[in-house]
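In what comes next, chain A is part of two complexes: it sits with chain B in the first one and with chain C in the second one.
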Partner chain A sequence: MITDIVLRDLTVRYGPTVAVDGLSLDLAPGKIYGLLGRNGSGKTSLLSVLASYRRPSSGTVTVGGVNPFENRQVMRQTCFVRDTLDVADSDRVGAVLSFAADLRPTFDREYAARLLDTFGLPAGQRVTTLSRGQRSILGAVLGLAARASLTLLDEVSLGMDAAARTTFYRELLADYLAYPRTVVLSTHLIEEAAELFEQVIIIDRGRLVLHEEADVLRGRGVTVTGPAAAVERFVAGRTVLSEQSLGGVRAATLYGRLDDADAARADADGLTVGPVGIQELFVHLTGAQR
Partner chain B sequence: MTVVARSLFRIYRPIIVWFWCTVAVVAAVGTAVLAQVAEVKLSLWIIIAGHGLKWWLLVIGVMLVATHFKLYLANGVTRRDFLLGAGVFGAITAVGYAAMVPIGHGVEWLVWTAFGGPPESYPAFSAAGAVREFGHLLPAALGWLVSGALITAGFYRFRWWAGLLLLVPAALPLAVTDALLGIFGPEDTPSARVLPYAAGLTVSLLLTAAGTAAFYLQMRDVAVARTAG
Partner chain C sequence: MLDDRSPIYLQIANGIKDDVLSGTLKEDEQIMSTNQYAAFYQINPATAAKGFAQLVDEGVLYKKRGIGMFVSPDARARLRRQRRERFFADVVDPMVAEARMIGVDVQEILDYLGRKR
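Our next item is the complex of A and B:
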């Protein structure tokens, strides 16, 4: 079982381009992490280093106290599914799964077969004939059935339809509860995957913006809903992430916590205070820096 | 045998069977047709299998890097274990392919004998001749395999223009081994060309070993490329 993951001053460069810039992180085992970042923020480069797909340009990575690069024990327990999907296009889906099962001691063939049925992906179909969404489903099946201690899923739901994504989130959660492991899920579909996250890591331009419990992150903002005039008075002087109006009702998303006095004032003004979505906070936290 | 080598043999087994069946059918049909129109002065088996095995091993060398490397690493195999397994697979395949040529030549000779004996000019089969054929083909097979892997590794690791520059030294095991130990001499028999056999063999094996070392150095810490499968 893979234990703590520690990154210190991690930098990944491609020529003059800095993809990951002096990033330090501590990841405890047995959690689902949401790795969020805008396009080109360094998510895939970070995951590539964690999976030993590439060496960092500088800095250190340790997994269970050892350098994972070319470490047989660590790499065997690591599964990295990229959006480009590392399979042979000429193979049939069944052959791809058999190949993984031959090489991964933890791979569950029966579970993989069940997942194919659940997703409706034929085992006899060639990879080259799969649609974008079906390729993603194959990646999800490979990632889940591998039952690797460290599972890294990079944009694995790309192109999946809504039903397939819902099935994927449900299966991921169920299998994670049955076989606890560390899962790092990188996605742009933040709102619908947010319920899975125990911790959220946000990076931007290769730098760590935030790493905290998902519930703590949600508490960084509030949604205030009520009569437009009352909302307008209440939000004056605060950081407003977004606003929506319908008739005389206005809903404003605020960045920052409300203290007891603020909450009492909102209540007195007839305003409803609710939680804010991680996506809105993400947009605020990453958009402000560009 | 390593897990990787076993897995590679599982993948290539049907392809290897098809390769040799195809060579056998083409050689048999070609010889039968040739015998109808002229005296058969050569062994089609030696020519087709001897040339075919080199090109086939070159392709295997290319495939090991371009296709298989990424797939094995994506399934938790280290670079070191992949390279070791690929090396074992490649070496056994080269030995097997090099052995198939004299074995097929022997079978061809037996068939000729069963049908009244081969023409006088047909390359006679003997145990010593079979060893000589094998002794020429094995280093050639290894050289072509290593060159295929090394040429592809240059493009895989570096930018395209660097891969192009490295193409020439990467092709040396293939080119030199072919020049020194090519089995098709003036009389379509194993023949020493520029150097005596022992010297040619030594130079060929040294170049192939150097190519293997260069290949290992290029691949031992290479990043796994994001390419379509």
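Our next item is the complex of A and C:
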């Protein structure tokens, strides 16, 4: 069961706080999505609704055309790994994995054991004694070995060291290639995870900023640097995300691709054009107005 | 290898073109599958597939159904023709601009190139 997910005017409120604010989104099956947003932007609330851990305050969610909330069939195919891990803290790692395997028919015990080995996490250790990074590793193992057709991973690399994160990205990609499924991965480490994403979803203050193919976003932003007057002439009528000046030199970050004619004009005006990566673009799109 | 500052599918396509031009990839040789490529470069397979599709569109690669992707028989000649057309604009003009800026005159460049023959 790999199916479309459709969100319409989704709103999640906690008392007076609006965490998700009228968000609409269509997710085609079988892709890896990067869910990006600043702290408190509504990522976890959005994932909680996708996972049916929480009912929306208003709006609708459908998974394969049906409401997933308290739907046994959909729930069994959905795996949500979040900060709290939702495991018994007094259990040992091995017992946590056994319990997950008993609950879920798609769970691959052997793969989970191999992952523990690869990450160097002892099965005999109690959850209470795990470090922040080790807890995250346990979350990653639970999320990957579940092989759920909808896999929701919320900040699962939090606190992992660089080697563990590299292992996590490598395992996620390898297992996705072998067992294609829908993966939604939220992360603040945009630069290092971006190459795994097929599509990127950016939310800010509970609203959708953009939903775009990751490769389309690369090169979607450009910086234009040169004499202030020439830069000003060039950027007129374009979407300027930020600008800074040093003496007579000005650098402007623009949203939107330059075509060949634009590039030739910039060159003729003595301007230097540079690319902007996804993380930089994210900062510009979500940072300025706060 | 790959950077995050320009579309990865273009970087992949350009890398394969360079391999064809340099002879690392021979004509009618099979190239890696999308999944092999994705695993090797640690990128999303859809992105790799887009790079391959671009090369099929440009006639650099051809598809054998159920087997994989191969380098087109005329790919090298075609790529050489394209690169030669752009050579003066892409390579020589920037060099001349740099030379002007630092006061190297064209005769000096010609003398240097003469010794390279």
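In this section, the second predicted complex is superposed on the first by the 242 of 290 C-alpha atoms of A that agree within 3 Å, B and C clash if a C-alpha of one lies under 4 Å from a C-alpha of the other, contacts with A are read in each partner's own complex, and residues count from 1 in each chain.
The definition used in the following text is that a residue touches a chain if its C-beta (ideal position, glycine included) is under 8 Å from a C-beta of that chain, and two chains touch if they have at least 3 such contacts.
Bear in mind the structure is a predicted one, so any value in this text is a computation, not a measurement.
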Clash-or-fit label for the pair chain B, chain C on chain A: fit
Between chain B and chain C, more extensive residue contact with chain A: B
Which superposed partner A:Ala174 touches (first chain B, second chain C, both, neither): second
Partner chain(s) touched by A:Val216 [first = chain B, second = chain C, both, neither]: second
Contacts of A:Arg54 with chain B and chain C, given as first, second, both or neither: first
Touching partner for A:Pro275 - first (chain B), second (chain C), both, neither: second
Which of chain B and chain C A:Met75 touches, first, second, both or neither: first
Which of chain B and chain C A:Leu153 touches, first, second, both or neither: neither
Minimum C-alpha spacing, chains overlaid - chain B and chain C, in Å: 27
Residues on chain C engaged by chain A in the complex (per definition of touch): 2-9, 35, 38-39, 41-47, 50
Residue ranges of chain A touching chain C (in the complex, touch as defined): 31-32, 169-170, 173-174, 177, 191, 194-198, 214-216, 218-219, 275-279
Chain B-touching residues of chain A, taken from the complex the two chains share: 48, 52-55, 69-72, 75-80, 82, 84-89, 99-100, 102-104, 127, 148
Touching residues (chain side chain B, partner chain A) in the complex: 3, 7, 10, 67, 70-81, 220-221, 223-224, 226-229
